[in-house]
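The following pair of complexes shares a single chain, chain A, combined with chain B in the former and chain C in the latter.
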Partner chain A sequence: MKQTHFKYSHNQYRQIIIFFISFIFLFLFIAICSLIGDAKINYISLFPNVISNYLNNSILIEYRLPRLLIGACVGANFAISGAILQAVTKNPLAAPNVTGINAGSSFFSVLSLLIFANTNFFILPLASFTGAIFAGIVVYFFANKKGITPLRLILSGVAVDAFFHSGTTFILVNNTEAVGSIYVWLSGSLWGKEWSEFLFILPCSIIGIFVSIVLSKRINILNLSDEVIIGLGLNIKKNRIILLILAVFLSSTGVCLVGPIGFIGLIIPNIMRTLFKYDYKLIIPFSALGGAFLVILSDTIGRSVLAPIEIPAGLISSLLGSPYFIYLLLKSRF
Partner chain B sequence: MNKIKCTNLSVSYFDKIVLNNVNIKIEKNKITALIGSNGSGKSTLLKTIARIIQPSSGQVYLDGKLIQSYSSQEVARILSILPQSPEAPQEFTVERLVQYGRFPRQSFFGSLNQNDYEAIEWALKSTHMIELKNKRLSDLSGGQRQRAWIAMALAQESEYIFLDEPTTYLDMRHQIEVLNILQSLNKNQNKTIVMVVHDINHAAKIAHNVIAIKNGQVFTDGTIKQILDEKVIENIFGVKGIIINDKLNNIPLFFPLDVVLD
Partner chain C sequence: MKKTDLKISTIFIALIFVLLLGMLLSLSFGSEHIKLATIWNVLISQDENIDSIIVNALRVPRALLAALIGANLSVAGALMQCLTRNPLAEPKMMGVSGGASFIFVIATFFQLPISQNILTFLVFIGAALGGTLVYIISLYKNPSIGKLVLAGVSVSGFFYALTAGMLILLGEDAGAIYSWLAGGLAGVSWDHFYQILPWSIAALIFSFVITHYMNAYALGDEIAKSLGVNLFKIRIVLCLLVVILTGCAVCVSGVIGFLGLIVPHIVRRAFSDNFKIMLPFTALIGAILLVFSDLIARIIFMPIETPVGVITAFVGCPFFLYLIRKNSEKVV
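Take a look at the complex of A and B:
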């Protein structure tokens, strides 16, 4: 008896320690990535008072740090959103990019640029947020028929996704001049992000991550088949709806700032699920970390490889993500 | 002492009536077998009592109170159910699966405590799964997997344990293993067991009471000795046969000979 208990706790402690070490490493990673970019930083001048010199460097503090911190938050949001969607739909291909949430967001954003051509700074995030929520409601509406089944949820998501995508393309094709700048947003970019936007996303991420971790016990139960879940006394419909709302919240708050950064919500949860064997108590926090790392890495590569031309982080994350995803597919047993 | 009571229970899917006005009582601390041919509605009855299927009309009383007056989580502490083909990710270890059986007894924020670990250990021991607790579900044989699921239901520490065809798809040795586990749970822990079984002799081996369902209605019910009659079985299953007495255990057994032509 005692043995079982201690063995389990021991494992848990180890994972908590790994998490906190990775968390500290994330900040180190952000600091290092902020030193890389088109406008060169004189590294030697940063010494010996590294911290105070860093804080006095306007390029680092005003331009790079906010965008990287925002990148970390949206990366965490997208990855957790994907993890939740994959659990609720019981489908490893579910992600905000696939289930219509990001497509709805994109469609509303493009539409808003068309209607309010010159006031995009305020309208764009709002339209994008509304679009994500609207898409979520539409997906739910079509998936719900005497309760929501995982399969109907994913099929409804794919259909809504295709619909909004074609809508976006239609507007873009017919208004090439008016919406030129939206292309950057549509491919997912951290360009020009400011501290004020960080102050918006940070509480959203903290709340989202906290709620997801609290609900992870329920997400674990939702891995089982429906009859077993009812037998354990968990209200399937209520929990699926709550988790769906949470996934939409996480994704929409991210997407309205930086656009749909591809592959984060798909690939990170898949990696974590393989590592942690469907234990969402670990998958959620580690997905948050993984998503943050991948967005920061993508943005740093995007800023530096073709400088001064900037490649949107979304393109880099897709470029990095797709080969790895194919590798996972080849390695897996199904 | 009747502790589960169903009155005028009816279930229909769309226009098809699956259960029609079923009135049954299930005795506490006994093993009750639900028998009947395919499509008779016995499985639907089990699931309806265990609130997995909502009845179109009629009531289920659990320990004297309407089942709706309990929350689903409260029901899960009183009654556990093992469905016919339960599913979990194959990467799960046995121990993880059994831990989930503690879900109805945990608080919103709570994690597993000493009580939970004791219940898990007891469930693993009762099903002879303690040595296999670190194995993944994908590495288990059919019989071991079924025992793992039974262990999960046991971890709920419920008074009532419902099982939907717990012996189907198992080879003979594993069938008997499962039946022995159920019998000892009833004898040693006073668990009330309700199970759907296909093999009438499995019912005869361990069940105290039998409820026979035919065309969505209770055809007959009673003790195993009352039910095991050539004419009764012919009527329920459409099979002719003879009753043989197992003198060693003093139970009747049915040996099938031929089908009744329609």
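Take a look at the complex of A and C:
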């Protein structure tokens, strides 16, 4: 990874303005995407009082809007989580789904879904978070032998991922009646999301985004070489662990709602890094936006292309994401 | 030298007996227990009673297929590790199984009007597609172990998403398909056995024949060239063998991972890295492991069958992690 020389450009105001314009555009995008789907909306009837008619349309308000808003929050979570992981490991190819965190989170979620048949609103996120932390610790342990190398991190991530994945398979095969719905969830789907779930994810996302923006200065420093960090007086280990917990929190809250949506946490931060040159003060907020856009786009494609059958957003994002990932691999000197 | 030869052949023969014992046990155990003492009578009897049908039509082909597929996957792993000179190469991780199962799902679940032989052939093409993609990506610019693994992850991820998408489209019987994807030998028959037997045997024998060249190739490009090995030819041959061996396995049993990773490592440590000795042992131990894994998969949660791929992953992943930690100076 290149050494970072971020300078505080004098046109930072411009970037803040761009951010707010994109933020407004995100809501416009959500509104437009909510009009696309299997159940046709009579567009002409929405006029002339567009806003009030929109708010009175039950399909839009009760079904499509909550899932798209949840998609936006979850996309932001996954993207920031990926950005943090990539910065902390100094490895552009790290992401929640590559490092086994999502697999651990899904395994514990499926386990808790089966043990506590009535999905409690508190148990599922807790299980999801525990699984993610557990997977993270295992990966960290096996990758850490006289320091972590990016390669060892990826390899142990892949192995832990495979292990939890087969654990999930093991549970599902022994409980065939539950397979159908859990299988869709495991592919990362926004199907059937409700306002109550949005009220759970919204504060998680806001807190997560806020904390990561606050910590973004430290992320910038952590991205330098270890000698420089020590020279600047930052406790490497402590900050790394805090940031890893933050990344795990962000991705596990996403996973417990919509399942693992692959590749978001991998692609978006990489795109943003090419745009903003390792300045995490900008990479983090823009990654949040980019992740939100990509999940909404994937969900809309998944809902509408083969309607009435729904393809989970996670599969669409994998199909879009893996070619881009291969392109990154070809380009990188990893 | 003579003495070690003798020792090695003794171990080989002993392992053959272990394999036979495993197959015998897998004929006996299952949801319907058949006493070991009566197995022989059941095998040779011509009566059409239930025991005879269970043993002759279900369990015998299953045991034979487990042995054959175990040998196939392990040898495929050994060949891939030779080809890439990378101790972590393995058919499932390198996208070969992903490509093969993708084609298989297309052909089977869309019920394309093709014969079994053409299906096998198409699966080979899928395997070749996945493997070649990963291989090319990993060789581009700076080849490294990490690049190979990540290319494998992303190509398999792509194929997996396509496969899962099709399954959701078809929307029926997700449970059965899910356990097929996880790798299992449930419901195999003699037809499956005859379908892959000629391909597998041919590929296995051919890989035993070329061990001489593989030994030379393993020494590095320069030395291999000076020893008169045509690098291009040996690479193509190794690729084809991997594709055929893996394709056969996927056709019957879906994606069973980690066997191709563990077995060659165990053999290399226990015996020798000379392919002349290593390859036969790899085939034999692979067969033994899969026969016993299948036995465990069948009886651990009777009457529900656990996919055998889950059992191999439970054993294989910790082993993989152990390899990463242990060989961190040498390999990683």
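The rule is short, and it goes like this: the second predicted complex is superposed on the first by the 265 of 334 C-alpha atoms of A that agree within 3 Å, B and C clash if a C-alpha of one lies under 4 Å from a C-alpha of the other, contacts with A are read in each partner's own complex, and residues count from 1 in each chain.
Heads up, the rule we're going with is that a residue touches a chain if its C-beta (ideal position, glycine included) is under 8 Å from a C-beta of that chain, and two chains touch if they have at least 3 such contacts.
As the structure is a prediction and not an experimental result, all values here were calculated from the model.
A.B. asks: With both complexes superposed on chain A, which partner does A:L234 reach: first (chain B), second (chain C), both or neither?
C.D. replies: First partner only.
A.B. asks: Can A:N220 be said to touch chain B (first), chain C (second), both, or neither?
C.D. replies: Only chain B; A:N220 stays clear of chain C.
A.B. asks: If we overlay the two complexes on their shared chain A, which of chain B and chain C does A:V158 touch? Say first, second, both or neither.
C.D. replies: second
A.B. asks: Would you sort A:G262 into first (chain B), second (chain C), both or neither based on which partner it touches?
C.D. replies: It touches chain C, and chain B stays clear.
A.B. asks: Does chain C touch more residues of chain A than chain B does, or is it the other way round?
C.D. replies: C
A.B. asks: Indicate the residue numbers of chain A shared between its chain B interface and its chain C interface, in ascending order.
C.D. replies: none
A.B. asks: Could you pull out which chain A residues touch chain B in their complex?
C.D. replies: Its residues touching chain B are 1, 4-5, 8, 214, 217, 220-221, 223-225, 227-228, 230-235, 277-279.
A.B. asks: For the complex, give me every residue of chain B touching chain A.
C.D. replies: 47, 50-52, 71-77, 80-83, 85-89, 91-93, 95-96, 100-101, 103-104, 106, 108-109, 112, 114, 117-118, 120-121, 133, 153, 156
A.B. asks: Could you please specify the touching residues of chain C with respect to chain A in the complex?
C.D. replies: Touching chain A from chain C are residues 88, 93, 137, 140-142, 144-147, 149-151, 153-155, 157-158, 160-162, 164-165, 168-169, 171, 174-175, 178-179, 182, 257-258, 301, 304-307, 309-310, 313-314, 316-318, 320-321, 324-325, 328, 332.
A.B. asks: Within their complex, state which residues of chain A touch chain C.
C.D. replies: Spelled out, the residues of chain A in touch with chain C are 93, 98, 142-143, 145, 149-152, 154-156, 158-160, 162-163, 165-167, 169-170, 172-174, 176, 179-180, 183-184, 187, 262-263, 306, 309-312, 314-315, 318-319, 322-323, 325-326, 329-330, 333-334.
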